[in-house]
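A, B, C, D, E and F are the chain letters, set down in written order, and residue numbers restart from 1 in every chain.
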Amino acid sequence: MTDTRTDGRAVDELRPVTIERGWSAHAEGSALITFGGTKVLCTASFTNGVPRWLTGKGKGWVTAEYAMLPRATNSRNDRESIKGKVGGRTHEISRLIGRALRAVVDTKALGENTIVIDCDVLQADGGTRTAAITGAYVALADAIAWGRQKKFIAQRSEVLIDSVSAVSVGIIDGTPMLDLAYVEDVRAETDMNVVVTGRGLFVEVQGTAEGAPFDKRELDQLLELGVNGCAQLRDLQTAALSD
Amino acid sequence: MTDTRTDGRAVDELRPVTIERGWSAHAEGSALITFGGTKVLCTASFTNGVPRWLTGKGKGWVTAEYAMLPRATNSRNDRESIKGKVGGRTHEISRLIGRALRAVVDTKALGENTIVIDCDVLQADGGTRTAAITGAYVALADAIAWGRQKKFIAQRSEVLIDSVSAVSVGIIDGTPMLDLAYVEDVRAETDMNVVVTGRGLFVEVQGTAEGAPFDKRELDQLLELGVNGCAQLRDLQTAALSD
Amino acid sequence: MTDTRTDGRAVDELRPVTIERGWSAHAEGSALITFGGTKVLCTASFTNGVPRWLTGKGKGWVTAEYAMLPRATNSRNDRESIKGKVGGRTHEISRLIGRALRAVVDTKALGENTIVIDCDVLQADGGTRTAAITGAYVALADAIAWGRQKKFIAQRSEVLIDSVSAVSVGIIDGTPMLDLAYVEDVRAETDMNVVVTGRGLFVEVQGTAEGAPFDKRELDQLLELGVNGCAQLRDLQTAALSD
Amino acid sequence: MTDTRTDGRAVDELRPVTIERGWSAHAEGSALITFGGTKVLCTASFTNGVPRWLTGKGKGWVTAEYAMLPRATNSRNDRESIKGKVGGRTHEISRLIGRALRAVVDTKALGENTIVIDCDVLQADGGTRTAAITGAYVALADAIAWGRQKKFIAQRSEVLIDSVSAVSVGIIDGTPMLDLAYVEDVRAETDMNVVVTGRGLFVEVQGTAEGAPFDKRELDQLLELGVNGCAQLRDLQTAALSD
Amino acid sequence: MTDTRTDGRAVDELRPVTIERGWSAHAEGSALITFGGTKVLCTASFTNGVPRWLTGKGKGWVTAEYAMLPRATNSRNDRESIKGKVGGRTHEISRLIGRALRAVVDTKALGENTIVIDCDVLQADGGTRTAAITGAYVALADAIAWGRQKKFIAQRSEVLIDSVSAVSVGIIDGTPMLDLAYVEDVRAETDMNVVVTGRGLFVEVQGTAEGAPFDKRELDQLLELGVNGCAQLRDLQTAALSD
Amino acid sequence: MTDTRTDGRAVDELRPVTIERGWSAHAEGSALITFGGTKVLCTASFTNGVPRWLTGKGKGWVTAEYAMLPRATNSRNDRESIKGKVGGRTHEISRLIGRALRAVVDTKALGENTIVIDCDVLQADGGTRTAAITGAYVALADAIAWGRQKKFIAQRSEVLIDSVSAVSVGIIDGTPMLDLAYVEDVRAETDMNVVVTGRGLFVEVQGTAEGAPFDKRELDQLLELGVNGCAQLRDLQTAALSD
């Protein structure tokens, strides 16, 4: 058991988080978010209209795509475009981000509009999917504001029913820790991502035993760390959106 | 709140589960498993040797591939082979099954051997991924026995450090329920899959709010149902393997 | 020249054939057919309407897709979905099955409806394509009955103008034989598949010299064996459909 | 019943056939063959060595690839390279050509050498696969001669154990006819391709009922027409190769 | 510095150029063009109507696709259809040919019609893209004439505002030369393709330093050679079109 | 004719250019370069060793890959990874960047090492390929310095024989202009990219008539503007590399 971490953080401490809102000159909403050395560019593209399978139902659609630049990581990965197929991990994270965002969107209030959130990892140092969800929410909020201003969304409709953020937690050498950097992530016995709303409810809980299986007490410790971390991220989102 | 289910089960009751061990004449291990109307054929293919990236490390490899026949479901889905790409859901489930199995395998004890588990859904009625994990364990155990008999695995090595099974749980109309059939699954507000070892430890917990986000109390109820369900499945696996 | 076979059959004898009609809970027609160790699941999916290129011509469409599970055979084959392309053999057999079925369907009588037959080989031991055709006919007949009951097909229209079945024949060590098992197939000098209607007419004859080219007399012997085998299969189809 | 054809030919008459041997400046063997309006460029590429799966067995390999230029036909077809996949028909014909050629090659005598025959249809008017086989044989013979001259093949080894050619036959309005042009092919009730060696033995017989199923008498008439047509093609091949 | 070339040509001399107009029996316009050992079959396919994104704008569309037969070159290249993707070089040349042709087409005058030009290299000996552009213009002109005759194009509209041809130039051992054959092309320090209209204006200039970078004086010499070469090609096009 | 531009620049003036060297924490060399609103992240990945086809020749390899984030542009483009193929434009630009860099690299001096340059457009406003080349050179120079420090490259070997930069030029309303922004680019009659070494020699000249064809005088004006622009970019590269 230890409570000192490689980078000197406390076990329940987030890495420095920055949110540069409105990074993109073109997108209807955008944020460049950093969790320590992890940097993710999130852009939200607003389109009036919905995919054909949803037409005429009076509901909108929110979806997400996640990807990594080839040299975001320590050694270069081949591009998925060149390989001609999207890997399982990429698919899985894209689907997770989309579900997380849809959990706080009232698609009826959104009306027949589509928002696509792109989360591109420019630099990776652990926790890319949780940074992506946290940044994507900011980009989404701005795209919704844009849609309302352009009158694609009714003035009074409350599209966002809550906010959402995410953080990783894990057990390293028996100690539960918050927001794992890459060097911690590879050593974790158990790895968990929690997606939590601004009100503190769970949207998604994904825990995996990478080494030894875990018991209920460890699970509870991880969840508590995660909920607290997400509360801090929610406050940073609120601050960014009120600038 | 209700405690009657469409098919008359109690909220904490599994559907009828059958495990037809040794279904395949060719595979080194196999099981046709059913969870009610869900039927999954699991085959384990044993190969002496490991993929190139693992050569010379004295460790084995266990991986899994999941797929569905085009008319396993109520309406026909196009084949992924014809579409030319594997969908995100397929990838995600294949990865989940592989992780679940590797959590109970000592790859050093396996030696430089590879076991590929194929889980093909012949008929789907909810819970296909959890049936797949539960059946895959039986096929895996038989493939390991085969490898030991053929002397690819040392006689005394304990390759399986525990057993593993999985079940779905969910909240429907506010009531937590075990082992959702398809008609229940589509109505669930929260959907969770738990993968649990024979000793009752968690290998994987994946909970998703499909409708409203969930709180800690609901999460705890779901986990308890899931752990109990997996204990029953473990007993059925043991029975099948001792025939 | 020999007239004893590995499995003790006479040279003009079929392997044990079983047809489990209505195997699938979801498909409009289905059959699990076995020719000895060969097991093929055939499902027929009925859709009201036709592909765009056929719209408005008052005719229906029947097509088929054939595939093999990765461990249907003695050693595991990579999935075509993972390879990202459908192999030539798979394409060829899918097209053969489709042609065989269309030969006995009056597409005008079918009306603007589409039936897709999926033939998935669960276990392979020679003759998978001929078992697939024979089982597909049963699934097709049930899907047509379903369409008539649902009033997608006019009550009086005779959609099926005949029945159809198929069998393999081949020359091994100079002896023509019926319904080759895998161990026989690999040794055959000449390999032929015949597709024959219930009335005994040819729909398809595909003979290939795997070893030495063959002469007219040998061809005639093979055709006679095949026609007789198909007559027996026709009777088994009739029995299955009258249950 | 009729014995006059659109182009004035007798029912048992080939279209004008030309074989321009050595068309390509680069290939080790080549022929531009025409069957009336059908023009196929066949090139044989000789490589010393065999694919990895055949290495060290003292045997060579002969394979073929068939394709059509996009505007070989009356209306333009999209390129298979652009579609990103090879169609079933293309695969099927490539495999047929390869089998036909291998039937007359002694791969032991060829030694560890590979010959790839490319058959590209520059213009199509029916019978492209049969023209391809007939022309491919000429290209193959020249590539083998090249390999012998370059000493990749032993001087005395008889690589070609026979010659091979192919022709289509079919029944139109009840009349069996030889070498169908496109306008005839689309009207044929039964369509058959026969591949025959120089000595008159069958390598492949592929008959398909496009309209009504056919009986044994019709099959015999078609085979006789085909065998006679192939004998004429064999003489044209011999003449081309002796120039 | 030298002014003798491998094939005896003067440095400013084209290889023998032939244009066989109307080579294809099916295409609305076609030409088999040769530049020495380079042979390219160009076919123009005329379709009434335009792609969806252009509908209703009163304009037509001209596009091109370039490809090489597998054994067009000295050693065999794998087919792009089999590889499942189109290579960068193929894409690049297809786009170049399309731009070159559109530069001389008044798409308003063409009306809502589409012309696809296929340029398939049957044999390659350097300069395949320039031969393709030069031959494609002839095929295009004939397809436009066909469209006018069929009344898809208004009688009086001048669709072609100029002609267009192309040639390669390069510096070899310090000497600028016209129309490089393959053996020259691989030795060139600088390689340039110029696309020039009948009136002598530039449509495209693409110069690349393969070895040493080049200066302005060398660039001017190459451009002059290229303009003169294109003027000769224009005269050959005119002659072919007036036959 | 005009000499005022939308953004107030003189016709021969570059947009503000910034080069943030060492942007990436992981890559051996990197630069975030901006040309006005165009932002390109260039990373250089150094690997000891070369691709198999180059092994044992004592030479290194430099290659480049270009791509755009989906929302780099004004409206969102689908990802090439999802489409499953790399577009022609992407291929073309990747190849151009690779050629430009190789023109200033002595691959013998580099030794058997590989450098892959990734140029990812984060935001696009015209001139992305020229910004990419200019930034890629800086990343390349740093990767070479890294390789020398790690002793993968001999201390004294001069790997870079010159520097290289690139800029776009074009004719708008008859006026030649330097470094086109997107709004200018779409209006240009002629569009040209020039790649020039630090010493002022041409590596690549690519001029295309988008509207009217151009004459020699216009070409000369464009080249002069481009050479002057590249000289300024060279000075900015030198400054960035001397920080």
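Following the convention adopted for this analysis, a contact is a pair of C-beta atoms (placed from the backbone, for glycine too) under 8 Å apart; a residue touches a chain by one contact, two chains touch by 3 or more.
To keep track of the chains, here are their UniProt names: A, B, C, D, E, F = Ribonuclease PH.
These figures come from a predicted structure and were not determined experimentally.
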| item | value |
| --- | --- |
| Chains contacting each of chain B and chain F, listed by label | A |
| Centroid comparison with chain C (C-alpha atoms), farthest chain | F |
| Chain C-chain D separation of Cα centroids, rounded to whole Å | 28 |
| Intercentroid distance (Cα basis), chain F paired with chain A, Å | 33 |
| Length of the line joining the C-alpha centres of chain A and chain D, rounded to whole Å | 59 |
| Whole-Å separation of chain centres (CA-atom averages), chain A against chain C | 51 |
| For chain F, residues contacting two or more additional chains | 84-86 |
| Ring order of chains, beginning at chain E and proceeding to chain F | E, F, A, B, C, D |
| List of chain E residues in touch with chain D within their complex | 24-27, 30, 37, 41, 43, 45, 47, 65, 67, 69-76, 79-86, 90, 116, 118, 120, 122-123, 125 |
| Interface residues, chain D side, partner chain C - complex | 85-89, 91-92, 94-95, 99, 103, 162, 192, 197, 199, 201-209, 212-216, 219, 223 |
